[in-house]
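Chain naming follows the written order as A, B, C and D, and within any one chain the residues start at number 1.
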């Protein structure tokens, strides 16, 4: 289990998401509120896009804990992003703490993060890999279930990378969940899997909240949408509401509410995806898997 | 605040202290029981002696969290020590997480660890350094209060390094506390300092439990003494009692009880030092400082 | 000895200085051309300014070799700077390879780098520290001669940080060299010191080329000034000349020529400083020290 | 390409192989003599056996360069081994510098190192993996050709791990080379592969010197055998000759001669394996592959 957040909107300092909110992602790296085990100290990663350079993300990852990393602190204080992925990792038992296993994973223009676990992953890993086109088979650098799920997602995309739209991305993500369900079931895995996946191509972001078990809640997931997310010099951060005159210019999707004002946050329903479009519309859609 | 332990006795696998007990030092690195903040994830260090090679310790330190370090895990599973220091760090606010700041600190044949904080350290640092002989002034590599206290300890030794005995080591340690008290008081520092210091020359170990404030308890400190400390294949670890036929061959001094059997552990009284002698006698002595 | 470069001018991708030139700083990290020992593998650092956020630099440093650091590679591919410092380190014997010892050093709005060595540093360190105001005494985090020289530079500034101009910065840098000369001479140090220092406040950059010994050449130092530094898709990088119609918009000062075209580069004369002004004028000035 | 060494014999301080010889492995990490590119700075690893604890090796690995690693320096100064593997890495282009890619690789009681490259590895990786039993398929943690070759070696062992002898180990190693040759040839790879592999189970060591190309020499490989390898306080290290009264108690196999005395070293012939037996006999055997 881990914690992550995504941001889409007007240029925002990374520090306003990672450091300044009362329940910032850095706070969640050692004092997460919405999971039983508060520690996410097995590395971190951030990635964002600089569209006027090229369409691939700028990813910075480290196995060191996020809370004490001075490079991250300096970078976050000076870098503005319009599309950000950020993740703090709690390695699942048996998963090595190495740089190759730190999220977000990136390939071509895509980034991918996971909060959860593929139950019985070692029983299906070979089958999963066997299903992959060479390109995605060879892309895998580490040993996590999360990165393998990313390869599966890419493998599920039906159209060339350049033409992906929200529908297509969502389809490939839901297909990823479906395949993982099929294979773990076939392997006789009976423990629950948790599939909060986040994927973006720098324009569209899709995030899922899903648990495989009947009646089991998915890991926590919330979003906040407004005309601006702001941290005041006083230290207070909040999302300014959309008004008649001011349209949405900021959408955050996060494992935990970053601020204490409950009015800022809406919980993503269990067994749903949330899609954030380039115009900052969001869409909540049920994950309809056949039994 | 941090957590530490020392071991003196018959050769013992490091893993039997660091990994196998129910409240091992590794457990304390992320789930410490006897301090409010359970996390000690800002690096770790271990040091032990190989007396038939030379009298200086073999120290291994890292800024990475102890719980995920595979080098430490491998080393602990294969290395036996007769005299061990081990430490997991929780950096005080403002103290950088760098290798030079990780305990134990070593110089010549001595090792030093600290669990606590010198309140208002920045106000007395220059004065402290000015009091040092060049040798110990130049020895300092990092920026911690703990390492500066070590330099002060070495500076307080009245006899050449080769001839130190328990009395002398205890004297220098108590003097260190006295000087820190003098200087912080003179600087008008009113918050409490915590001076659980551990020092060894590979033969004798002295550990203090001390808080500067009137009526304030020092950080937790316990010891266990018996004929052998053992971890069974079942996973249960405990200290075997001394009997008429079997003398003490193991002494542990630790911030927290490593095992769940309360009979294994005696709490070091506040404002005391504990000295462990080469024959494994221990002595508890009041820290008598003049007001 | 190390290798460094500074850039001032129109926004430029870091990769165009660090990775793409035939003798890029990354090449210099393992195959430096203008020093006997080609290896500068003891860490690296880069720092740049984001003036619309605040006047302090964004510094990223690591003890890992520059040539294999994927965070640096990703960042350089996506980040543009108008004022950049970059450094690859070859630790002097006895100087620890720790993060606190990696250049550039930063304080308030200043950055500092050093290519060279203060001969007999350990003999003058205490005297140097004793000369410092508390602010700069307490600023020092590591153990290098280079960082101590930075503290001395800051201590030599006669005016508040906000009002520094090129004259003042150059004065403080030359004073730094003068004091180091005084102290090493007084300590009886007879080996040569090398003082290629670079300092900036984000607007003005001053770099020195200086060796303390009579008739000894300072470490290599060159600069390139033109209307634009460009790396073509073909891989060829060069500095476009200033013309009647196009003023200088790029100045590089570097330990080594980054490109193979000798017309791009002018060698900074020994025993001189080069100052780069905000309007991209440069000034070469003799370092006039009294014997 | 990389550099490695193996030691078998009477207990020897690691420092006597890694640090003290004039061409020690640490020297080879930045100034290798017998390969065109002198730098092997992409991490290091050492592994040795503590047979009275258990039959698996104690491995310590790091992505940091060997020359500046203080943990390695401290450990080498205090640890004696009777069976040692040590490796300094020069990552092949495109191979990530991550801990999982550092040699020696270990599994059960085996260690494995490689100096060389599997040409066109990416073209045969999937085929190689497909040939593996699940146990060895799942063992792979990193992305190197070297670790995949190790998995192939383990897969080639015809008998349970506990009963391996020198013949069997040599067979599995030669089979590994044969399979790699088959697959790269089938994939149309025309560049040369270099297969200096070293493997041990803690008792027997087998090392190959092999290049796939007709008339191409394998990477350098030497061995030294005598009654004792010793480093004198003067700094001089050498191998004492076997005499009538004193049998061999030390065998080193190394990519480069560690000492300057040519009488100490015998070059392993191209296209051969060298096997070191528990009684310190060595056997040189031609690698007879069918075309």
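To be clear about the criterion, a contact is a pair of C-beta atoms (placed from the backbone, for glycine too) under 8 Å apart; a residue touches a chain by one contact, two chains touch by 3 or more.
Here the structure is a predicted model, which means the values were calculated and not measured.
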item	value
Smallest count of steps, each to a touching chain, taking chain B to chain C	1
Between A-C and C-D, the pair with more C-beta contacts	A-C
Distance between the centres, which are taken as Cα means, of chain C and chain A, whole angstrom	39
Chain A: positions in contact with at least two other chains	70, 96, 99
Residues of chain C defined as touching chain B within the complex	96, 98-100, 122, 125-126, 129, 134, 137-138, 141-143
Chain A - residues contacting chain C, complex	13, 50, 53-54, 58-62, 70-71, 74-75, 77-80, 99
Contacting residues of chain A [partner chain B, same complex]	30, 39, 41-42, 63-65, 68, 70, 91, 96-97
